[in-house]
Each structure stands twice: as C-alpha cells, then as structure tokens.
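A, B, C, D and E are the chain letters, set down in written order, and residue numbers restart from 1 in every chain.
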Amino acid sequence: MPENKSPDPEKPNLLPHTISLFLTLSVFWLLNSGHYTLLILSLGLISIALVLYIAHRMDVVDHESQPLHLTLKIPGYFLWLTKEMILSNISVVKHIWLGNETISPVLTTIKANQKTDMGKVIYANSITLTPGTVAVDLVGDQITVHAISRENIAALQAGEMDRRVCRLED
Amino acid sequence: MRDLFAVVMLSGIFGLLSASFFVAMDAVDVAFTEASVGAGIASLLMLTAVTLTGRSEDSERHRPMWALVVVFITGGLLIYGTLDMPYFGSADAPIHLHVAPRYINDSMQETGLPNIVTSVLASYRGFDTFGEVVVIFTAGIGVLALLRVGRRSGIHRVMADSIFYLMHEQHLILRITTKILIPFILLFALYVQFHGDFGPGGGFQAGVIFAAAIILYAMVFGLPTARRVVNRTFVRLLSAAGVLLYGGVGVVTMLNGGNFLDYNVLAGDPVAGQHLGILLIELGVGCTVAAVMVIIFFNFSGRRDNL
Amino acid sequence: MELIVDISSALCLLLGSFLCLSGGVGIMRLPDFYTRMHAVGVTDTLGAGLILIGLMLQNPEGLVEIKLLLILVMTLFISPVASHALAKAALRNHLVPLSDRNENNGGTESSKP
Amino acid sequence: MLIAATIAILVVMILGIIRGITGPTLYDRILAVNMFGTKTVLLISLLGFVMGRPDFLDIAIVYALINFISIIGVLHFSDSAVFRHDPHDSESTTKES
Amino acid sequence: MILGLYNYWVVVVLMMIGLYIVIAHGNLIKKIVGLTIFQTSVFIFYISIAKVESASAPILAEGISRYSNPLPHVLILTAIVVGIATVALGLALAVRINEAYGSIEEESIQSKDNQEC
C-alpha cells in the first residue's frame, strides 16, 4: 500500500501539535476523572503517554487533527452558527408540522471557496449542522447539498456562511 | 424480512434498547458493557459476516408450524414456571438474602472500592472472571484458527474491494473527524479502565472501547495501514499477556502465602493489597479483551479483503 | 434567582422535548430518505442541545455539568458527520432523492457518476 | 418536567422503531438506528437525573462515541460489493465460488 | 397480585422469539441473530431479578442505603463480553461454511452433504 499520509516536510513541526494534543488530553482526563489522588493522576499520565504514542504511530497528529491556527476564531463563529442553527431548526419544524406540500427538496452543488481541507470540512459540517441542509458529498471544491426547501439553498448560495468560514482561515 | 442488513440494523436497535433498560434497572456497569458491545461491535461483526456470506435469505425454507408449536409449548411451560417466582422488585426475594447483603455492607471495608460490582467481579468472584477471560481468549484463538487468511480464494474479489483501502482519501470529512476523535476515544477507554473502581467501568468495557477505536481506524484508513500500526504478533501476544497477568497475580498471591487470587497478601495492608490486585487483574482483563476484539475484527475484515 | 434557573431549565427541557417530538413526527411524515434526514438533524442538534442544557441548569454539581457539556459537544461534533456519511453512502448506492424523481429539472446536477 | 422529557424521548424512540421496521430502504433503517442512538444518549442522561444519581454520564459518552463508530462502519461496508449489488446477484456469485 | 410477575413474561416472550428464529429460519446468520436475542432475554432476566424497588445502583455513595443486588450484574457483565466473543466464533464458522458450501442456508448445506456421501 502506498503511503497516504501528509507529506514528509510536515514532520519537523509536529511538536506544537503534539503539545496541544497533550494539553487537550490532560484536560479531558482531569475533567472526566474527578479523582485527584496520586495513583490515579500518575495512571492518567501513563495513559496519555500511551495514547500519544499510539496516535503518533497512527499518524493522526498533525494540523488536521489539531487545528491550532483556528483556536481563537472558533468561538465567535460558533456563536453565529448557533444563531443560524436555531433559525433553521424553526423553519424545518414548521415544514414538518405543515406537511409535505410545503417542502421542495433540492439536490444541488455549491462551491466552497476555502483553501484548506480543514476549512472545507468546517464548511460542510456547518451545512449539515444547520437542519434543512445536508452536505452529501465533497469533491474538490464542490459540495453537493441536499436541502429540504428552496429557501435554504438560496440562503446558502448567498454565501454568508462561506464567507465566514473563509474568514476563519486567514 | 429477508434482507439480512435490515435484520442487523434492527438487532442494533435492540441492543440500544436493552442498554437503556439496564440503566433503568440500576445495572449501570452492565449498561456500560452493553453500550460498548451490543450497539457497536456486535453489529459491526454481523455486518462483516453478512458482507462475507451474502445479503439475502431464501424464504422457502421456513418451517413455521413446527417451530410455533415448540415455541408455544416451551413458552407456556416457562410462564407456568414463573408463577412461583418472587415479584418484580421485591426486596425479600431469596436472591437478595444470601451473599448480596454481605457484598453491599462489607465490600467497602474489605476492598476499599465504592463500586461493588467491580469488587465482586475482581475480588470475591475472581475465579469466575478468570474463567471468563480464558473463554474470551479461547474464542479469539478459535476465530484466528477459523479465519486466518488462506491463499486459495479468488483474485477477483481483491479487485472489487481494493479501492476501499483508500476510503480516507474519498471521505475528507470522515478522515478529519476520525483523526480528531481517535485520541479521545483511546484516552476515554483508558479512563474507563482505571476508574472502574469508582464508577461504572472496568477492564471489560475499556477493552471493548479501546478495540473500537482501533477498529474505527482500520475502517477509515484501511486494514493494511491499521495492520502496520498495530502489529499482528503484538496483538496476539497481548491477548495472551492479559491472561498471564491475571493468572500471574494469582500465582504471586499463592507465593506470598495466600490462596489463589487472595489479594490481601499483595501488600502489607489488606485493603491496599486488594486495591493493587484489582487494578492489575482489571488491566489483564482489559488487555485480553481489547486484543481479542481486535484479532476478531481484523481476521473477519482480512477475510473480506483477502489480503 | 433559583426560581429563574428552575424555570429556564424546565423551559429548555420542554422545548427540547417538543423539538425531538417534531423530529420524530418528521421521520414518520416526510416522504423520502433525504428529507427524513433533515428531521433527524432537528432532533440531533437543537433538540438534544436544549435537553442537555436543561439538564445542566438542573444540577449545580461540577463534574456532572462538565460531562453533560462534553456530551453536548460530542453530539454537535458527531451528528453532522454521521448524517453526512449516511447521505453519501445513500447517494453512492444510487438512492435517488425525491426531487429528481418528480421533476428532473436543471436545478439538480448529480456530481457523482 | 424531567419525566415529561423522558416520555417525549420514549415516544420519539417508538417512532424511530416504527421507521426502522417499515423503512422502505435500507438507509431509512440506518437513519432510524442513528437517531435511536442519539435518543438513547439523551434518555440515559435523563434517566440518571430521574433516578437521582446523575453521576453515570460516562455511559452516555460511550454511546455517543460508539454510535459514531457503528455509523462509520455501516458506511464502510456500504462500499463493499455485496452491498451494492442486488441480492440475487450476490447470491449467484457466491454459488460460483 | 399475579401482575407482579410481568418482567418474567417479557423475558419469556423474548426468549421464545429467539427460539422461534433459531428453529424456523434456515439461514445461519439469522440463527445467530436469534441466539443473541435469546441471550439478551437471559440478561434481562438476571438484571430484572437483581432490581430492588426504590433501590439505587450498586455503587456506594453517601445518603443511599438501598442498593440493587450487585451479583447478577457481575455475572451478566462478563456474560455480555463472552457472548460477543462466542457470537464472533459462530459468525466465523458461518463464514467458513459459506466458503466450503457456497451457501449458509441449512437445507442446501444438507443436500450438498447428502450428494457427497
């Protein structure tokens, strides 16, 4: 099998990602545990070390799994996304209760203007996360979207979400 | 219902339902196990087997009359038998009167663990659990013996399936999500492993979750990649090492002058000894379960890919 | 103060249950697989979110709250990926969405072979 | 209120089961399983509160994770040849071998 | 009240469904599914026996005096994992049978056996 991983030049600067993974894992452990005796803490440390080792072997520690560059901008975007989510939820619930006559399902492709894979994934996931639209496929920079009615797709094509995700990137 | 995939899906719902039921019945540890086993691994294994054996069933082969007769007779007899049983939820049923009060009242002093299920599992009934672990190990060996990949099957299937090794290239979203999630699943499994003393959890559950993470990796990144990460020989050794660790603790307790699996003698203080012993054997259980699950899945999956 | 928290918690739970119910009705009423997926989306995002937030407001104890938050984050993180995976599998195996069957107009270009 | 929410979730689960049984296509069933999984997560969290011991949320977390894994598994197998072909096709190929 | 026994009846019904599937269906995979249903009914039986009314999960905590019986939980916990291991073994057998006979239907396997003799 060919090596399908990110190219080798990435390798030298894996350290920040490893450190961030270590920190997130530690927080995860501490938040979950609730027992702060020496034994449990040291076991936790060993566990984290083991997980880090396995993660490195699996080659899953890189800029894709630890999007460091996005950390600061995510909360603002998420707030906006929550607002969108609530609005679209209301519209879908309306469609459900009003019955099948009000829906007009559409399958179409839209363009994702993000440069990185990570941006595209965030965009696609945001599309799916707002009910009413589901990102069905992602090929190149084309996202196939299924929407429950034409208004939803029109809102997506207006490109508000696209722009916001793009702004996340740089 | 002749489509076996649909049957598997429905049995997945059944597993989810029974786990909710176990939570409602206070059996949190059992629910935990059912959550990790019944809903995930079981349906995955069945799916693999169905892809290996064909999807539909011949409907002419039913013999419903006979079966119905047998079923109704047996069911009737069983229901007749239940008439003498104690009522549901009654506190003075025979089962609650013998050993259970002792476990509930004394286990805290004797083992120092709040989770009674763990202390009973690992300490009071350590023999049983040892047996169970050996059974799991044997089942793993059995699967290995049955499914270890032979060279004789046709080439065409390899051609048909080979594109799916590259699943992670086609599914960008999946790849990134999996990459983010896997470390957390692994760590969560270890967390479950070491917090089985205090809350629901323990070696069995942790092993299954750990294996589930590796199975997820194998599914998304392809079996060959997963095989490279998780060495086959190492997994086989690990499954044996778990059993050995369990048995070894027993032998050490015997050398220290106690009975087999009597952890009191492991350390100066009996409670500390219990704690250490339980920790070690849970670790053994976890190793064996995780390794066996990985072995089972890899062999099924390897059979499919015919590598 | 406590009263406000209680009321808002109850409100969240109620709204969440209502949304989940709507989703459940949607999964029965809507005409085809893809549209049903949207109904499931409702229950997964805002329905689950509101119920979990309602639970968070119920209990002031630290650890439980964090775990609820963790569940919430995980649901929000996992459910879109799961629906995406499902929809993609369906499309690849040539399950035709309703709109194509009915109208077959130019608005839909299938991107997959 | 907790009990009301629990009942609502149970009703949704029943609807999900109905969809799972009747579901015309396989994907409807998978969708039902998926929804059922998230509802189980909610149900378990709610049950913990109803029974007054909400410290067992680990189970719900496990569910959320395992559910994801099984859905990914379904997708993985949906790529396989047997899945895509008509049942009769797959039978004929198995008989040949 | 005889209705206090309803938990056993649920178990019996489930068990009989499992038994019916095992007997009536010729498909080996379906038989295994039937077995798992049977198995789960036994689990439910044990767990429902263990339940004590107005009791709590058997993890010691302050302020709780009644706990459900932990012993069946232990038995079932291990039984679930053993169950999945044995199911895997059964599935492995089914896979091998399919490779040897080209079918997992009971009757076509039998007819093939008869031909060979």
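Operating definition for what follows: a residue touches a chain if its C-beta (ideal position, glycine included) is under 8 Å from a C-beta of that chain, and two chains touch if they have at least 3 such contacts.
Just so it is clear, the structure is predicted and the values come from calculations on it, not from any experiment.
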{"item": "For chain B and chain D, chains touching each", "value": "C, E"}
{"item": "Interface with more contacting C-beta pairs, comparing B-C to B-E", "value": "B-E"}
{"item": "Innermost chain, taking as reference the mean of every protein Cα atom displayed", "value": "D"}
{"item": "Label of the chain whose CA centroid is most distant from the centroid of chain E", "value": "A"}
{"item": "Where chain A and chain D are represented by their mean Cα positions, the distance between them in whole Å", "value": "22"}
{"item": "Cα-centroid distance, chain C relative to chain D, in whole angstrom", "value": "14"}
{"item": "Mean-CA-position distance for chain E and chain D (Å)", "value": "19"}
{"item": "Inter-chain centre distance, chain C versus chain E - centres from mean C-alpha coordinates, in Å", "value": "32"}
{"item": "Residue numbers of chain E (touch at least two other chains)", "value": "56-57, 61, 98-99"}
{"item": "Shared-contact residues (touching 2 or more other chains) in chain A", "value": "32, 34, 124-125, 135"}
{"item": "Touching two or more other chains - residue numbers and ranges from chain B", "value": "26, 28, 48, 50, 53-54, 153, 171, 173-174, 177-178, 180-181, 188, 198-200"}
{"item": "In contact (per the touch rule at the top): chain pairs", "value": "A-B, A-C, B-C, B-D, B-E, C-D, D-E"}
{"item": "Complex interface listing, chain A residues touching chain B", "value": "1, 4, 21, 25, 28-29, 32-35, 40, 43-44, 47-48, 50-52, 54-55, 57-58, 60-62, 64-66, 117-118, 120-121, 124-125, 135, 138"}
{"item": "Chain C to chain A touching residues, read off their complex", "value": "19, 22-23, 25-26, 29-32, 34-35, 37-39, 41-42, 45-46, 63, 66-67, 70, 76, 79-81, 83-84, 87-88, 91, 97-100, 107-112"}
{"item": "In the complex, chain B residues that touch chain A", "value": "165-166, 168-169, 172-173, 175-180, 182-184, 186-188, 190-191, 193-195, 198, 217, 221-222, 224-225, 229"}
{"item": "In the complex with chain E, residue positions of chain D that touch it", "value": "51-53, 55-56, 94-97"}
{"item": "For the chain E and chain B complex, residues of the former touching the latter", "value": "1-2, 4-9, 12-13, 15-16, 19-20, 23-30, 32-33, 36-37, 40, 43-44, 47-53, 55-61, 66-89, 91-96, 98-99, 104-108"}
